[in-house]
Amino acid sequence: MNTESSAGDADARARDAVQALYAGDAASKRLGIEILEVAPGRVRIAMIVRPDMVNGHGICHGGLLFTLADSAFAFACNSHGIAMVAAGAAIEFLAPAPQGERLIADAVETFRTDRHGIYDIAISNSGGEQFAHFRGRCARLRLPGPPAGRPPSSPQDVP
Amino acid sequence: MNTESSAGDADARARDAVQALYAGDAASKRLGIEILEVAPGRVRIAMIVRPDMVNGHGICHGGLLFTLADSAFAFACNSHGIAMVAAGAAIEFLAPAPQGERLIADAVETFRTDRHGIYDIAISNSGGEQFAHFRGRCARLRLPGPPAGRPPSSPQDVP
Amino acid sequence: MNTESSAGDADARARDAVQALYAGDAASKRLGIEILEVAPGRVRIAMIVRPDMVNGHGICHGGLLFTLADSAFAFACNSHGIAMVAAGAAIEFLAPAPQGERLIADAVETFRTDRHGIYDIAISNSGGEQFAHFRGRCARLRLPGPPAGRPPSSPQDVP
Amino acid sequence: MNTESSAGDADARARDAVQALYAGDAASKRLGIEILEVAPGRVRIAMIVRPDMVNGHGICHGGLLFTLADSAFAFACNSHGIAMVAAGAAIEFLAPAPQGERLIADAVETFRTDRHGIYDIAISNSGGEQFAHFRGRCARLRLPGPPAGRPPSSPQDVP
């Protein structure tokens, strides 16, 4: 097996892991989140700011900007095929995102071991305007017993 | 005017400010967020984890936990009648919140001047189980021009 | 044993745990940090801003404000007698602290299980002026092998 | 003037700005912090973990890891020649840094306008082992009165 096909295999595994996660993620689908690109540790997704995502001034609710970044984070940190859960995150709001804007979230891997990781997500539009920066921390999912129960893309009791 | 009626006045002003904000907040209403208590600098709100808020494992999306806390933050920091906008926030996820859970977000004021503030929000249920802790920073809304455009409850360009 | 003496026992244990930590903490001692009060989950310490802690304008270096808060955090999270290590922290700087100022750091316990915790530290002076707010996360020390090696008051590989 | 010499000019201005800051920074000098590289928005500095920087177990105090990162942050965000002050920061501790270790802090610019910025600092050693990740937010220094008073490298009242 040459290096190229190995990279191709890793990309395919990453796409499979993210698709499996996305398939069960009613919240991301409800928000119209769309997956654009997936590679090991890197994900790009998009969301359009709809009328039910804004306040009375037509600006995206900060919580939904966070949710977009958090989905990108969950996809990126689970792209290696090892189940990871979010332990915490911080976001800086830079500019208001108007209704109708198509937001793009780019997730990159800043640090990773098999037990935890740090991921940075930038939210911008296609013109390069930046709306928010997010940093998330994840930890390996500890299965408490047989039937799991604890999902790879959600909060947990191991900060 | 005695002290009691002053406190009553401040409470009434806080309720008015929060109701005005909530009235235009399509995102919070879309999530079924309910206002339980309002006082100057303090707010308690609730949200039930619905099927469209979870992933495939029946656990609330971390972004929507954040959104609940962020709404409580916006209401609390605007309860004094001075328009404030979120500059950033951090959240720690402590335990997964299952579908059907009624989450309560309690916001308290940790620091405040007329120009900025820090608010702490705890998310728990009626039994006292804790799901997340959130700390938000806000800054006074700078009106860039004529009659606003920039809303009191959303991100902005003044971190 | 009555409740009062139990509380007294817990206080004594907390003081012993903090004193043991402080005894080996060359960095805190080098900065002249002084322990004022200790109870389970609560600590108050102080530090005077010396000439070697400031920049050319006579203002305390932000890193040393953080260090004061971080020491209060380490003492508070280890006050129950279970070895905990810092996993991360965030600080908001509110006002510059001038040379000669006596800074007081008050640590309170916001969340705690036997495995992890969240502590909030406020830095102020005796007049109530606030300089910074800090939030720290800790996790239980995992002993990697026999003679410990990993200290209770320092960073580690278990965020 | 060609592009190369412009870049050279910008580098020279960045070095001058950082040297001026460092010259007055008693705290950074007291910790033995050494400047390795400077460019607009990018700085690399180093610090050796001395006996007076550790706790009883020979591990660097988390506050001093933060201080190293905070100095790199101050230098980087002031490298454009516009006075910026730290508004807040967060750090994740990844591994304990033993006494004697030479720590390297690399600062990069993640976001910047003339009024504020976000900088990311990684702390590692020459072998590539990572000890901490830091993210800092800065805001433009507002001069409250005559010529200065408020320093470019310290906390302030404008989060």
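For reference, chains read A, B, C and D in written order, and residue numbers begin at 1 within each chain.
Keep this in mind: contacts are C-beta pairs under 8 Å (C-beta built on N, C-alpha and C of every residue); 3 or more make two chains touch, one makes a residue touch a chain.
Note that the structure is a prediction, hence the values are computed from the model and not measured.
Under the contact definition, chain B and chain C share the contacting chains A, D. Chains touching both chain A and chain D: B, C.
The mean-CA centres of chain A and chain B are about 23 angstrom from one another, to the nearest whole unit. With each centre defined as the average position of its C-alpha atoms, the distance from chain B to chain D rounds to 34 Å.
Among the residues of chain B, those touching two or more other chains are numbered 87-88, 90, 92, 94, 137, 157, 159. Of all residues in chain C, those touching chain A in their complex are 87-88, 90, 113, 115-116, 118, 137, 139, 157-159. Remark: chain C residues 21, 23-28, 30, 51-57, 59-71, 74, 85-97, 131-132, 148-151, 153-157, 159 touch chain D in the complex. For chain B in complex with chain C, the touching residues are 90, 92, 94, 110-111, 118, 120, 122, 130, 133, 135, 137.
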